[in-house]
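Single-structure report; data block below.
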Amino acid sequence: MTGRGAIRLESLTKTYGRTTAVDGMDLDVRAGEMITLVGPSGSGKSTVLRLIAGLDRPDRGRVLVDGRDVALVPPHRRAVAMVFQDYALYPHLTALGNLTFGLRVRRVPRAEADRRARTAAERLGIADLLDRHPDEMSGGQRQRVALARALLREPSVYLLDEPLASLDAPLRLATRADLLALHRELGTTTVHVTHDQAEAMTLGDRVVVLDRGRVRQVGPPQQVYDEPADTFVAGFLGSPPMNLVAGGGTLGGRPDVTLGVRPEDLALDAEGPVEATVEVVEALGSEAVLLTRCPDGTRLTVRTGPRPGVRPGDPVRLRPDPDRVHRFDTATGRRR
Amino acid sequence: MTGRGAIRLESLTKTYGRTTAVDGMDLDVRAGEMITLVGPSGSGKSTVLRLIAGLDRPDRGRVLVDGRDVALVPPHRRAVAMVFQDYALYPHLTALGNLTFGLRVRRVPRAEADRRARTAAERLGIADLLDRHPDEMSGGQRQRVALARALLREPSVYLLDEPLASLDAPLRLATRADLLALHRELGTTTVHVTHDQAEAMTLGDRVVVLDRGRVRQVGPPQQVYDEPADTFVAGFLGSPPMNLVAGGGTLGGRPDVTLGVRPEDLALDAEGPVEATVEVVEALGSEAVLLTRCPDGTRLTVRTGPRPGVRPGDPVRLRPDPDRVHRFDTATGRRR
Amino acid sequence: MKTVRAGRQLTAWAFLAPYAVAVALLVALPALLNVGYAFTDHTGLTRDPQFVGLANVRWMLADGFLLDSVRASATHVALAVPVRLLAAVGLGLLLAAPRPGGRWFRVAVYLPTVVPDVALAVLFLWVLNPLYGPLNQVLGLFGHPGFTWLSDPTTARVAVVLMLAFPIGEGFVVVLAARRMLDGRLYEAATLEGCGPFGQLRRLTLPLLAPVLVLLAVRDTILTLQVNFVPAYVLTDGRPANATLYLPVYIFDQAFEFSGFAYGALISTVLMAVTAVVVTALLLMVRRWRVLR
Amino acid sequence: MKTVRAGRQLTAWAFLAPYAVAVALLVALPALLNVGYAFTDHTGLTRDPQFVGLANVRWMLADGFLLDSVRASATHVALAVPVRLLAAVGLGLLLAAPRPGGRWFRVAVYLPTVVPDVALAVLFLWVLNPLYGPLNQVLGLFGHPGFTWLSDPTTARVAVVLMLAFPIGEGFVVVLAARRMLDGRLYEAATLEGCGPFGQLRRLTLPLLAPVLVLLAVRDTILTLQVNFVPAYVLTDGRPANATLYLPVYIFDQAFEFSGFAYGALISTVLMAVTAVVVTALLLMVRRWRVLR
Amino acid sequence: GGGDRADDASGITVVLFGDAEEVAGYRTMVAAFEEANRDVDVNLSPVAGQDELMARLTTSFAGGRPPDVFLLNYRRYGQFAAQGAIEPAQSYLERSTVLKESDFSPQTLDAFRFDGRALTCLPQNLSSLVVYYNADLFAAAGVPLPKAGWTWDDFLAAARALTRDGRYGAGVEPSVPRLAPFVWSNRGELVDDPARPTTLTLTRDPATRAAVDWFLDLQLRHRVVPPDAEEQSESSEARFLRGNLGMYLNSRVAVPTLRTIDGFTWDVAPLPVAPGGVPASILHSDAYCMGAGLPDHDDAWRFIEFAMGPAGQRILAESGRTVPSRLEVANSPAFLDPAAPPKSSRVYLDAAPHLRTTPRTATWSRVEREAGTLLEEVFYGRIGREEGLRRLEEQSRPLFALPTGAGG
């Protein structure tokens, strides 16, 4: 807790009407850390960001930045930059105007502001759009303007709400690398929401899994992936998700234990202990996903290399990696 | 060309001011086909959809539906349903109102319209949001309302502009399956824009790669993936993208030929012919990506299983799959 | 956060307070006084007004002229407000879309608003002239003998409404601007759902513009009840047979012409109350629309 | 597509044509005639008007009273329009945000607009009373001897402006509604970029509302130049020394009191022209803003 | 209600002005007329002031529907007569079996001979400027009551004696018609040529100037009339009604209001005479006119005959507002009734021989308005006397020569 921008959420709660968007959430973000929020649609990710930014007031609980309760700090005095899920670009300004808005507010001279805006725009590949208005840009272009605008802010906390969602794959990859480099360089505390598995795994020091406004698990991505705290996390992280089989089924085990095995931990192996029939082969180019069905009706998803050499209807045998079988309490869903 | 909804685009061109969004595009979509448009941000994907829908008038070229030029058909008489990239929900109506809007326009009785809206909402998991207004929903919830609204339309053509972009991974997977099932069931011609590699590979009969308003390649997804027509397509499809090495480099070959090898076609092999040093290990949970650098400075991306057992700085040897090395003309970029 | 809000509220109130005081002192207090006068025998210049209780009210209830006046005002509002609204909204929506020549048409619609009230009334004196006026000439083309417009109660009322159907520029421009503020994307969505121009009008434009339309209706009601008085005064001054003796004209006559200051105060209090009721009713109607929340 | 558009255009024009004809026949033609009258010796009474060439124009150029009147009107517009706009916009923006008691305050701001013009003038006659009026009483509290408001040209003009600073309900409500139509998300974005309330006002609200504000300015200019005549007429009737002899009052007097019908036509033509010029200038200023495109 | 009935073919429209009491009188008269002439339907359309009347008449004429009968003040009828908007009454009167010229006060009739000979309208009353006084205040201050032939000095002395304790001696509206009788009494003239005036003569004629100065001095030097702020706070009429003003200068029009006084005794006196001058006052008279250009004037004339006949004149006299122009009624108890104040109503009749009129040109009302505006400025000391009077003459001069249609 030495650097600037350490965030602490204490039993934070926010209710809209009858919907509890955030439900008694506790979280510690170290100064300079980059943390990723993931969770199903409507689980309160955007709401958490809004509460940290001060755009909404919590119904209960506190937000502390660098140890101080910021309830009394109005949003425009919190050094926070945010990328909104729906961009929130100023429709009456050009891209350049959108980028320099905050700089001008902070009395950066026009020439200097323009220069900095141009640099940021070049980095994100929107330098030739600077005189367009938001309604003259494509979705991805708008999102890049929104991102560039936030990056120009130099805050003590970045709040990014799916900042790369509308970008195509190569651009997303490049921008992800950019964000990482920037974070290494500046060390600004960053809270980042994403739906993308790869981003969740690579773009944060830790990942927070939310479900219906509650934290399910917090930890380094690989750890959360490898040791999901419960069936919810296990089913949520990873695409395709983990195969979860109630105990005593094809994968063996006891009735009160649910066994889980990730698709990539099921190998096609003629000697494998599990017998199944291929139903669908999804070729994803770089890999393939087999949807198989065991004699007892259990469906198992298997991830293989690009050209698995099997076709729908083929009988196969599967071998779960014994080190990689997860055990959950069937009643509570918690890992055991 | 027997069913309804065959679309033919003939040298379609659309210019906004100095920007040519769509540039002499030719495309045939068979009746009942599901086709995927991919391309970098700003490459004209949304514009093509708008031209097909009749929301914009082409500057040149024609749109034919079932063989007839539809230039004279106003948009509200074209049997087209569209999901907009920015949703375009009616702010003054609840989710239910948004869903039943089109049904009511087509004089479906209120009770029947409500029933159908509820069914569609349940399918997409938004049944408990039906009395919310758009500004009371999360991003993913809004997108699902937009999708449900389009699905209720029963048109002869679906135009879907990134319909799943804001959904979390499990939901996206489920919805993708739903869309596929629906398409199999109804056989409605569908044009679909996506940034997601998995969707591009699985959700269309054919994929169309656009670049700056021009078609670069059309074909079944696996074929486009396996035999990209040029370096642009090779670099665009696949994440991480194909390693492209100018001829005569680490991968060998002639100077006028650029060689390409996909990350998954580079195996870690102590005997491999290519020598490299690991720079970064990106653990993505289900797999890992190694960024390596050869002695001549060439960077190669390698895709491996989840726990590759190497660390940054380790020297490794790589073996390209000889059947999977792509050859492109260095000058034109075209496949040879 | 509470304190911050409280602080900001304080600033806001600091700005608002002087205005509040001014309204209280310069309008509310005198208005109350005015209400007070309604129960005296004040004539505006004579001795200290004496309290006369409900005498004025009794007189009012028996006042045939007032009844005429109320009837005239009611008919007028019932006719003129819809006509003016329809014209302003219809033209505003039709001309909001860019179309060739639209600019000139917009100017043409606004033009009559620039004509001073008095001048407009004078123009209409000529337009309505039973012998040379163009209106009767046009009716003549269709074989109609024409009307002596200002002589018959019905045609006189119609004539005033007709005159006031032209200076609608403000409403027109408000509708124009509001229509242009609506998100075009919604219309695209509706179009693709099979909604034609009329469906869009009914299902999008009107609901989305509802607050603006109600505002215009409220404004026009007040305007028509209270302000559009000069042209009517000049054109007909209550004639014939009190058919156009609108309430403000009557109040004006009472307060300034016949020294019935107290009585004028009473009627204007009543007029204010009626206006307030009409406006409140309109606003309550609107509260049901979400957009105004 | 061209044909479809053409078809739709036709329908639109079919709706517009009757109005165009009506405007031409009932407003434009008479207005031209009015211009024609300006060059005759018409008195509005019986004789057939005779063409007198530029006699009226010559008289106009030499008319010292007209000069007074123009000066009065110009000062009035220059004072009243900014004051009214500032009040309407300021109050509209302050009261757009929900705040406790805001509803009542909104009603209070709208209230004076419901007071009939004539009644408002009567109220102000009392407010401005040099001995008993509350205004001088308040000044007295601050040790100021007070003014004989309606005796001095300056204070008389100020008094009229003061009176007209209250019936601003329409502009107020328009600003209120427009402000509420703006996307709150933009304000959140601006806040997070460090923009305080004043910065938001300057950088978001005012630019985004620019079209509405210009509209209000245009409207208020026309209103102030031409329509806000009844209260001024009642309150001061040109006194003192023609300091408040605003143009419409002068035109009214000319045309209706002194049988100067032709001259009245001439001045109202000029007034219309001046209004048109002012409005055009305002609108041209606005064309530079993108929002109106 | 009342006199306004739906138009029908045999009806006539009568437009006239007056305050509530007067209008009540007119209504009674119209009812009596309709009683006597059941075939004629009168549509009575009253307005309050002369300004509204002018607006009403102009719009009626411009709209092609002039009223059949309307009441006009003689200071205003010039602009109508000059336009031929009035059907001249002379020939009707000559043919009439009901009315004779000799029934009426000749000074009044003369005021309505536009070209000097033919009668344009028939004047219904002959009021004049007089002094109303609060007899109780006079008694309390020990000042002798005003009487015929009293002088300006008497007036000033009385006013001075009455001015004290927030009370003022006299109240007068600073306007040309109020000033004029003083000028005439001092043998001055308002204009250079009463028949063809081209300018006001307030400064160039020493006698006129002396009268003007005396009038202004009431305020500026002697301070016996309420100053600006006082007058604006409470009009002289209201002050007099409250018993706080010694003398109040007005015409007969004030009587209905003054009759509501019950706290003190009041009466009326003629205007004071200038030292070495002649008695003079100014005519206030309104006449019934018929709109020109109507198909027939028979019903209109019948109405005028009734209104100007004994019955009509008596009804109006009883309202207290008018001094009947019909001599027999003026001299009858209907007007002179000692029970109805003022006691000395004969003062109005005695003034008749000394009545004078302002010029009857088409632009006079405009001159009067503009001159009055500046006179008020000078009277209340808002601008200097010399400067104000100079500007007054200068600014009003072009108005005398206005082209037709250019107002005035």
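Per-chain residue numbering starts at 1, and chain names A, B, C, D and E are given in the order in which the chains are listed.
The definition used in the following text is that contacts are C-beta pairs under 8 Å (C-beta built on N, C-alpha and C of every residue); 3 or more make two chains touch, one makes a residue touch a chain.
Keep in mind that what you see is a predicted model, and the values were worked out from it rather than measured.
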Chain of greatest Cα-centre distance to chain A: E
Contact-richer chain pair (by C-beta pairs counted) among C-E and B-C: C-E
Averaged-CA centre spacing for the pair chain D and chain A, given as whole angstrom: 57
Chain D and chain E, separation of their C-alpha mean positions in angstrom: 38
Distance between chain centroids, defined by C-alpha means - chain B, chain E (Å): 94
Multi-chain contact sites of chain B, meaning residues that touch two or more partners: 74, 86
Junction residues of chain D - those touching two or more other chains: 252, 255-256, 261, 264
Set of chain E residues in contact with two or more other chains: 55, 59, 62
Chain D residues touching chain A - in the complex, by the definition given at the top: 183, 185-186, 188-196, 199, 203-204, 207-208, 290-291
Parts of chain A lying in touch with chain B, wherever the complex brings them together: 16-17, 38-42, 45-46, 85-86, 136-141, 144, 161-162, 165-173, 195-198, 201-202, 221-222, 225-226, 235-241, 262-264, 282-287, 303, 305-306
Chain E residues touching chain C - in the complex, by the definition given at the top: 1-2, 4-7, 19-20, 23, 43, 45, 47-49, 52, 55-56, 59, 62-65, 235, 237-238, 241-242, 257, 260-261
Chain E-facing residues of chain D, complex: 40-47, 49, 52, 55-56, 59, 62-65, 129-133, 148, 150-152, 238-242, 252-264
Chain A - residues contacting chain D, complex: 53, 55, 74-78, 80-82, 84, 86, 88-92, 101-102, 104-106, 133, 149, 153
